[in-house]
Amino acid sequence: MTKRIAILGASGYTGAELVRLIATHPEFRIVALTGERKAGQPMGAVFPFLRHLDLPDLCRIEEVDFAQVDLAFCALPHATSQAVIKDLPRDLKIVDLSADFRLRDPAAYAHWYGQPHAAPELQAEAVYGLTEFYRDDIRTARLVAGTGCNAATGQYILRPLIEAGCIDLDRIILDLKCGVSGAGRSLKENLLHAELSEGTQAYAVGGTHRHLGEFDQEFSAIAGRDVHIQFTPHLLPMNRGILATAWLDGDARRIHAVLKDRYCAESFLHVLPFGTTPSTHDVRGSNFVHIGVVGDRIPGRALVVGVLDNLCKGSSGQAVQNANLMLGLPETTGLMGAPVFP
Amino acid sequence: MTKRIAILGASGYTGAELVRLIATHPEFRIVALTGERKAGQPMGAVFPFLRHLDLPDLCRIEEVDFAQVDLAFCALPHATSQAVIKDLPRDLKIVDLSADFRLRDPAAYAHWYGQPHAAPELQAEAVYGLTEFYRDDIRTARLVAGTGCNAATGQYILRPLIEAGCIDLDRIILDLKCGVSGAGRSLKENLLHAELSEGTQAYAVGGTHRHLGEFDQEFSAIAGRDVHIQFTPHLLPMNRGILATAWLDGDARRIHAVLKDRYCAESFLHVLPFGTTPSTHDVRGSNFVHIGVVGDRIPGRALVVGVLDNLCKGSSGQAVQNANLMLGLPETTGLMGAPVFP
Amino acid sequence: MTKRIAILGASGYTGAELVRLIATHPEFRIVALTGERKAGQPMGAVFPFLRHLDLPDLCRIEEVDFAQVDLAFCALPHATSQAVIKDLPRDLKIVDLSADFRLRDPAAYAHWYGQPHAAPELQAEAVYGLTEFYRDDIRTARLVAGTGCNAATGQYILRPLIEAGCIDLDRIILDLKCGVSGAGRSLKENLLHAELSEGTQAYAVGGTHRHLGEFDQEFSAIAGRDVHIQFTPHLLPMNRGILATAWLDGDARRIHAVLKDRYCAESFLHVLPFGTTPSTHDVRGSNFVHIGVVGDRIPGRALVVGVLDNLCKGSSGQAVQNANLMLGLPETTGLMGAPVFP
Amino acid sequence: MTKRIAILGASGYTGAELVRLIATHPEFRIVALTGERKAGQPMGAVFPFLRHLDLPDLCRIEEVDFAQVDLAFCALPHATSQAVIKDLPRDLKIVDLSADFRLRDPAAYAHWYGQPHAAPELQAEAVYGLTEFYRDDIRTARLVAGTGCNAATGQYILRPLIEAGCIDLDRIILDLKCGVSGAGRSLKENLLHAELSEGTQAYAVGGTHRHLGEFDQEFSAIAGRDVHIQFTPHLLPMNRGILATAWLDGDARRIHAVLKDRYCAESFLHVLPFGTTPSTHDVRGSNFVHIGVVGDRIPGRALVVGVLDNLCKGSSGQAVQNANLMLGLPETTGLMGAPVFP
């Protein structure tokens, strides 16, 4: 039976990407779209690329009849999400795409987000949404917290290696390159085409990026000790895509074997032949992750490169994948679309 | 029953786009992929973005067992196509994506392509592949000739207007802006990122672009007299997308009404509200066409803007749409994917 | 003797371009930079690409000692400029880069800009800044009004042709393609990299773009009768550059000869050999204009393509060129830098 | 007295950039331009952006009268350069932009370039062209070897730190992001706009990039012991610019102080305030280098980010800077042009 879907916060990029994916999802039907500032407008006015679809107009959250909704995606801004979800029906299945429920520890949340959490009880209930590692919990979860897009990319590379104990935990460097859609539809000078195209720069330098909170939480839990990685993202003149370059101390062949073994049964995760690395072009617009491993000329040093599409596998695609699980559908339903190239 | 598909010339962009579309087509299965220079290679080596798919390796055309093929897409270079198709089994259904069978008149072909046609009997047999206007013929055709991507864009704007007699036939100007993938995977200096990005230029100026042959053939047939339009394309720093700006003598409201009326039942063609015009962003990666009409400040002059994705609706999407018809499937099968934005 | 220069409104793109050009101008020295919202900041904080220069900090206009200024460039927003200039010392030489003094007729100003002019007496005094056509007036002017960047491009193509009477004045179509920096440093969704790159669209459709006011004023004056052209600009995914495609009724050879003859002695204007057209790449970052002429396959129809850099020759370069004249310097001083390619 | 300049290999990007810079150089005059395959063509046909200049046509090297040349820039392909320079007059001053004379040790050359050197005696004579560190030798040199563009970027960051002994020499990671013009005007599929734009990938992974030969040579000489860094470049969808991210073990404040102190008197090198990092936008089209230093959240770990324009400071600008020295001119002559932004 077709599942009735609501998208709260449909006027941003992750909301639009959800609509794009659900447009050809055989089991989902969108019954409500909300957008506070754009309430009353048709979705095609806010995102003309969706004008061919038969969609409900944007409305306010309080106008949604949640009794007629099987699952709600919550694509609201960080900090807004917790206040809204707190007041939703207690039996509504929710996939949250914001940062609000990624960190389980209220103190960690307060540290990285600069304010106390408004719904700590939900924080405890939420399941971390990195599907391939929390699959069983997600299946039975009521509230799933989508991961950060950078955090997802880094974890796909590093989790199996930390678990296998095959890299030096005190020497993990993640140099990340990401497209601009990760910054959302924000009106900032540095996101203008005139200022972003044809150049690149680092940002959130010095270990200040919030996704470090997720890395710390997850990696320390796996390792059974504190793990603090070094991580700096760079903004690139492209719209979609994250490429993470991990500089590691460890045996490259062993690293490759661990990743290959761990992901061989996964539909969306592909480990390339040893010595080759992927491009973000290989996954643009899709739910796939490609990972490559190379040995450095210095023995015992390895390079691992992972790529995904930040809006899809890094956010909305992951969300649909989790929703599939929560609603008893095959995990890949509606998500096997090939990347778009060129 | 699943249809068995061969793609001849799968190592170019239109070949890759066919594979992308067929990857999620519920009724098609790829049984053969050919590429003369890359024969023996897996498709994932030629196009890494397809490496997640289970596909046959590239082979030579003579290695294909056409008895096991229901329909072949022929995505070979112009002029090569006619020689190859001539030697294929006479009962094989074929959708050709080259320019070889677009012009019905051998003299017109020789004029625009600079050489006599090698298979004039097939030229006569081929049905012109602009689906929405040749639908019935395509259903029963054995050989369908895909249109030029610029030619398709211009015809979606102009055919109904010429038919309705609502524009001056001696005053049709088509100023076209197109992305670079239309030039194919050709190694030319002006297609390098360093030379193409951040700038624009006209090309094939002065009425020399080969798609004028298609315009002349089709528009003259509709009008019952010679119609020669003015047409200049411009190369833009973007990969996908064509935007055609038609400068016309005619009543803008009437023009809008004619287009709206003609396309109201079409799945892929959308006419915007009067006074608004589309962006190529609205259709990127999809099989949709969006058209907008505006009146000029000078009475009796109108502007019509049409957009489509040259690789999809302008080429491989159109080809799949025609193949659906030829194989008795609903025309939209596998083609309702939403555009990718941003 | 070095000329002392003030730039009012230095925190926008045209202000920054003025600083870039003056940085290597041998006779100009910047003594004041204003920016109301950014007053107190060093220019290198507002535009890091200028951080190597020894410049005064941004200040408020009222802090400038105009007695120590030989010439002020006014790069303020439209409508702001007239109010500011009205209160500047009456003997200060001014080159205005806004739209405020381009139209001589108060009624035309009110029509195109939607409000009455605040300084009609200055409007009458201002000289139109299209250097190659107002050179003598500019030399002795106190206030020069920089032209619109689109308006400049169109006029370089059309003025000599209208003057020579070699084109049909009722059939002038200008299809213009422009880069995004012409929109300034405005925070608008459609100017974000994510929304602008990889696509194109028309804007100000239907004869509503304000630069039509300049075309009407100038062309009608030359022709001695009303001339109303058709003009639609398109926004392209590039930062700098305007390419104007003029679709004309006239003899292409004659058109070429008229332009060639008119511009043969001009330092910045180049007419290409007949049958060839320029790219915006040819002029990026420079003060040059390149123009090409082609005949259509339809006799008596011609295509003229002109390119310039909207920020330089279309705005700040033109302004420096005019300032050179006003200060008794050779017109090309500081402006012969070659374009930047790739 | 004006210096007479020849450019050998003027049909590539570094050749064109030399012409661009010399176009406004007050003391240089181009008397010969060579290009084997394009001999006989005007430079404006090969690079239309230079069509406004009065330049000699391209010719073959044997047609150049070197008696009338004060200095030759040699912008030929790698490996070609050594054979050509060997046969040039022994008293001709030469700045080579290829890789041929960067490595002093014939064995190192053979290792990194896969063939024995054709002119080992010249290899010994050549002075390494990193101006700020070889200034005195360059002044009196006859043959100067331009550095690799990536190699220059890394050295500007690392040389003072290695010399000061303030970083762990066994823990130097250089994650480099570079624009596509560094690959030259090569016709390769991955350099096409359609394949390069909107994505990124690593290349020359695993310690195989040839510029490592320069790093090894220079850093080991400074340190007085073998130094082998880890270095992987990434290709970005932009034309100009290199951003090098150095991940270092060392005290960030001390690193900042060392760099600040070392470069305080340099005209082209700017160290940003502690805690801030530059963008490639800040230097595009110019001869400047900007460097920023940040401390990581992990004590004792630092991030240093350096940027330059690969075609200018990384190649042709550096070459002009060295030529200035060799010809007794002030080092900055003709090189103070501001970057181009946006």
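We call the chains A, B, C and D, going by the order they appear; numbering starts again at 1 in every chain.
Convention: a contact is a pair of C-beta atoms (placed from the backbone, for glycine too) under 8 Å apart; a residue touches a chain by one contact, two chains touch by 3 or more.
Remember, predicted model here, so these are calculated numbers, not experimental data.
Undergrad: Counting C-beta pairs in contact, which chain pair has more, A-D or A-B?
TA: A-D
Undergrad: Please pick, from B-D, A-B or A-C, the pair whose interface repeats that of C-D, with more than half of the contact pairs identical by residue number.
TA: Residue-number overlap above half with C-D among B-D, A-B or A-C: A-B.
Undergrad: So, what's the distance in Å between the C-alpha centres of subunit D and subunit B?
TA: 45
Undergrad: Measuring from the mean C-alpha position of subunit A to the mean C-alpha position of subunit D, what distance in angstrom results?
TA: Roughly 39 Å, centre to centre.
Undergrad: Taking the mean of the CA coordinates per chain, how far is subunit A from subunit B in Å?
TA: 36
Undergrad: For subunit D, give me the residues that contact two or more of the other chains.
TA: Counting only residues that touch two or more other chains, subunit D contributes 13, 181, 194, 197-198, 237, 239-240, 278-279, 281, 284, 342.
Undergrad: Per the contact definition, I'd like the list of subunit D residues that touch subunit A in the complex.
TA: Listed in rising order, the residues of subunit D that touch subunit A are 173, 175, 177, 194-195, 197-202, 205-208, 212, 228, 230, 232, 234, 236-241, 243, 245, 247, 275, 277-281, 284, 294-298, 301, 303, 305, 342.
Undergrad: Quick one: which bits of subunit B touch subunit A in the complex? Just the residue numbers, please.
TA: 13, 16, 19-20, 23-24, 47-53, 181, 197-198, 239-240, 270, 272, 278-279, 281-286, 288, 290, 336-342
Undergrad: For the complex, give me every residue of subunit B touching subunit D.
TA: Where subunit B meets subunit D, its residues are 13, 180-181, 185, 187-189, 191-194, 196-198, 237, 239.
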